[in-house]
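Each in structure tokens, the structures are laid out below.
Here come two complexes built around chain A, the first alongside chain B, the second alongside chain C.
Moving on to the complex of A and B:
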């Protein structure tokens, strides 16, 4: 590994101290150069589309245009204030919180059930796993196209089969009290199979002999789940929760296809609001301010989850 | 009851008489059937003749007079071959560039020591959280400034660097014994030659896992291409399908929508059913980012 070793420093003892430092610096840079060159292509794109983009959000959030063609003017915190007082944005934040909890909890619970039931591998469980995993593969847009019909009033799949059991046929996507829950059903259907995979992987770590010993000591299925399996799956839970939260913020394709945020903003989520501000209202300032707030919230959440993870590991 | 015995044949002897796990299994079977209903409806509705009328559209029993009319209509109304081509170009383009960037960066992290390694490592790590889709607004402005608005290159560009891929390759390269490389070093192989002829061939499973994740996720991308692409002939499948659905929904042509959806997802579903094991293990790695 000749490249990895820092080059020897042939510095004369009589050299002036600042020259010494400079030379050491150039030598270290020379030794690191191959690594920098290898990283360069990735760093260019990371700079442009991740970190540069973040800087741009920050700047754009501080400026404003009266009309799309008008010159920009410095607006300070006006954009952020405008977003925070926009009832469409605060509504979207509330919707997104309900949506995040209402999709993460059921899909994680279902994923755990699926993984527990299908933890042994044979032809039957493999087929069932594949069936539960299929929705993960298809585009959210395709899932939305199918569910548009499922939720169609009167003649749709849902009303056709269970409509007769209901006193009144609800307008699943058209009623502002129900639409958000209808949207959540798609997300649960689409993601539970994905989270199942992580629980299946996590269950491999549960030692079979401990389970059997617990059973011999008279522990029933619930006690084994509560005292052996769930503690073992703690890291999986934490990890899947992070992924589910991220999904709840970044996945809004079904909102676009099925409801466009309606009826009366009942299904508007934050990322869709950002899209609307940028593409429909050409308000880059407001869109950037909303992006900035979302990024801040997400980074806070990430820091929190990393700290919890570190604490858990440290505390054993 | 023979089936139950067979299903439980690997279970610890002592637990075979318990009832709760069996109830859980039965519930899972039931839910798996429910999970498949949208797909079942898609297949049945695709083959249903228009003469059955809207009231029978939801019927899950297949029609006795199946027809391919819906497939033909969807094929003619939607420009699916064109959309499919665009999607293939986007996925292939992204993957090819990613393979280069993640191999080089993964090698640097796996085998080289350099100043600022941990700082740069964190720059990569953060990208896992700052998913590009959140940065659609600034990235759209950048793509427009680069003159790439309404081009497939503009759709691809934000994904050319992949932190997930870099970490995957770093892990794969670290597992390769250094002795192999030392031998090549004695033969005078350059850095790039060693990567090309030793590290890459020995890491094929990781490359294929990455390819599966990359292609499925970009096959399914929607919001970003929707913003970048303006001309109808440059739409990828997802954007094409959403436009097609919006049009066909107006005329209540649900059979055609089912056929269009089927065409969009069929390539992925068929590939999955063939390479099921590989897909599943790849998706598990996608979590261990």
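Moving on to the complex of A and C:
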């Protein structure tokens, strides 16, 4: 097809310019047709299950039922306004921010620590790596059900071990000041081992010769970490941060199993709020509006971080 | 050419997949129906349900019923609604009795009157089989929408060994709030500031919390909601204020009740392990307690402040709207079979719920069982003072407005009065659209 192009070119120039553009477009389309055809099966399913659903959410967010028996009417941006003024939603956003920072930072720090400690491969580190990775293999729902019993006041495993050191035994999941942190502990426990894998992979990429040179120059362990290892791990950090943030918004299994957002909305996260609007309030309009807002925030965040990543890789 | 061969392969796979999705195997033979069932309390209900449905299928060769486990009461409502929306509702659902009104308002229930009439019985005869206290949640606008399947009332559970240890007589359980407070004080053990044994525990998690508030409010003379109309709740009232204040006093003033919001399973575990000497919990947990308690226990009526009264709990069998006629008929056969005296009695013995069908208590197996387990009688006796479970437009969010505030009180964040004012305001806001369409829609 590309061989035929020069011959066709003079004819095209003599014709109207827009025809030229059209022709080039058709040619390019022809060239990429097999690619599109190959993509077609997955496109069909993406459209059915991803883009179609997103489109549906967009439409649903614009409509509202005023009363149970009234027909659905066009509401414009009313649903979005209602969500933004709902104190339960703003509360969930604040909770989610606390939760995101409070789970991402410790789990990444722990993951880095584990990876540095276990970067050399031998029988002991392999066993420890496996042990640290184990929580990743347990489904979140099962883990939450287990922690429900670990957190039982007075009779749970946690109070059994640390109860005698505390002045009063806290109601871990029933106290609105503590519940969110109890939930965060599970997330950290579950995700640190997963992020460790990325850091282990990142550490393999640290050039051996640079490390040796630094060693010969008399750089201590801290200097090597500060000036060689951490800069080399920057892309890994960025990637893991994105993953951790996405997890903070998309994982609510433990909230569902352990607290249902309670007590008094203390552990309510954005995704659980959406669930409540959709199924408890039976308010599809408001649920869709909240979904749209969340999607927009997530897409913005992802775009921003991937651009930063691309810049860094281009510059590096 | 290379492309096209791969393309063909890809298309072939896609085509097969699409075909498999679009044309499910056409079934013939017995009418296949699904029954959605929740497991709301402790114990091995799911296995018992399997046994029950297997027996039904063996006795009814032209119907093939499948029991589908759908989680808690709230989850079951969600899944039923999702399946109605998807156009594939189950033929029957064991639905929390207080969701029926909300579903009827949303046109999601099948009116059972024609099915009753087709059997040649009257509504009165049909309903007459069941305890009168259960009818309030099954009949809406004088039409039958649900058949009571397993029901409960809250009970006071007492660790009899601990009571004796504290010099209390478990055969004379506390009958008033004053006596209960006194018992709870005597049953609380402390080491310095730390409590090693709580006098009493009352569950408070979404769903249970509202039910316990209704219980306490009723024993304080109150009503919680308007039984005749789904647009009103009575949160900011003296009877509920007294109830919440007493609960709060048990936590903060007397320090005999664990602080914060404790879900039902945590309360029953605490009782079983001896950490709480008394608890208020559903009769549905009775079998679990009987099987697991390593001590002598006693069950009693919920103590009163003004009067003896408790709400019913539990579930009814419903037929979701939008079901084919033959499946409706098959579901009706299943429902009648499951609520018959023998099956009702069997299920009651297996779970601890009481049997809604009064004739169940006349079956020989049940008479023998009650002689062996007199504690199962208490729930039935308490039925004399039982009243319907709160049911309003949007029951769950309306209930949650109260529960969130009660949890704040139990966590020491709010005083009872301001909490109830806030709960009333939020509930009124949720009920507004329904009132706009009914009580405030004026000619």
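As a working rule, the second predicted complex is superposed on the first by the 274 of 316 C-alpha atoms of A that agree within 3 Å, B and C clash if a C-alpha of one lies under 4 Å from a C-alpha of the other, contacts with A are read in each partner's own complex, and residues count from 1 in each chain.
By definition in this document, contacts are C-beta pairs under 8 Å (C-beta built on N, C-alpha and C of every residue); 3 or more make two chains touch, one makes a residue touch a chain.
Keep in mind that this is a model prediction, so the values were computed, not measured.
Colleague: With the two structures overlaid on chain A, would chain B and chain C clash, or do they fit side by side?
Modeller: Aligned through their shared chain, the two binders clash on chain A.
Colleague: Between chain B and chain C, whom does A:52 touch in the aligned arrangement: first, second, both, or neither?
Modeller: In the superposition, A:52 contacts chain B only.
Colleague: Check the residue A:279 against both partner chains and state whether it touches chain B (first), chain C (second), both, or neither.
Modeller: Both chain B and chain C are touched by A:279.
Colleague: Would you sort A:218 into first (chain B), second (chain C), both or neither based on which partner it touches?
Modeller: It touches nothing on chain B or chain C.
Colleague: Applying the touch criterion given at the start, work out whether A:271 contacts chain B, chain C, both or neither, answering first, second, both or neither.
Modeller: Only chain B; A:271 stays clear of chain C.
Colleague: Which holds for A:155: it touches chain B only (first), chain C only (second), both, or neither?
Modeller: In the superposed model, A:155 contacts both chain B and chain C.
Colleague: Is A:263 touching anything from chain B or chain C once the two structures are fitted on A? First, second, both or neither.
Modeller: second
Colleague: Considering only touches as defined above, state whether A:194 meets chain B (first), chain C (second), both or neither.
Modeller: first
Colleague: First (chain B), second (chain C), both or neither: which does A:29 touch?
Modeller: After superposing on A, A:29 lies in contact with chain B but is clear of chain C.
Colleague: State whether A:38 touches chain B only (first), chain C only (second), both chains, or neither.
Modeller: In the superposition, A:38 contacts both chain B and chain C.
Colleague: Compare chain B and chain C by how many residues of chain A each one touches, and report the one with more.
Modeller: B
Colleague: For the superposed three-chain arrangement, which chain C stretch in 1-9, 289-297, 343-351 or 415-423 runs into chain B?
Modeller: Here chain C runs into chain B along 1-9, and the other listed stretches stay clear.
Colleague: Identify the residues of chain A that lie in both the chain B contact region and the chain C contact region.
Modeller: Comparing the two interfaces on chain A, one with chain B and one with chain C, the shared residues are 34, 38, 41, 44, 148-149, 152, 155, 279.
Colleague: Quick check: in the complex, which residue numbers of chain A touch chain C?
Modeller: Residues in contact with chain C: 34, 37-38, 40-41, 44, 66-70, 148-149, 152-155, 167-171, 173-177, 260-265, 276, 279-282.
Colleague: Please give the residue numbers of chain C that touch chain A in the complex, ascending.
Modeller: 3, 6-7, 10-11, 13-14, 74, 77-78, 81, 105-106, 193-196, 198, 204-206, 258-263, 265-266, 269-270, 273, 275, 393-394, 396-397, 400, 403-405, 407-408, 410-411, 413, 430, 433-434, 436-437
Colleague: Show which residues of chain A lie in contact with chain B when the two form their complex.
Modeller: Checking each residue of chain A against chain B gives 1-6, 28-29, 31-32, 34-36, 38-39, 41-46, 48-54, 56-57, 60, 110, 113-114, 116-118, 120, 122, 124, 126, 128-150, 152, 155-157, 159-161, 189, 193-194, 197-198, 200-201, 208, 211-212, 215-216, 220-222, 239-240, 243, 246, 249-250, 252-253, 256-257, 271, 274-275, 278-279, 284, 287-288, 291, 294-295, 298-299, 302.
Colleague: For chain B, which residues are in contact with chain A within the complex?
Modeller: Residue list for chain B touching chain A: 7, 10-12, 14-15, 18, 20-21, 24-25, 27-29, 31-33, 35-39, 41-42, 45, 54-55, 57-60, 100-102, 104-105, 107-108, 111-117, 120, 123-124, 126-127, 129-142, 157-158, 160-163, 166, 178, 181, 185, 191, 216, 219-220, 222-223, 226-227, 237-239, 241-242, 245-246, 249, 254, 257-258, 260-261, 264-265, 268-269, 272-273, 276, 279-280, 283-284, 287.
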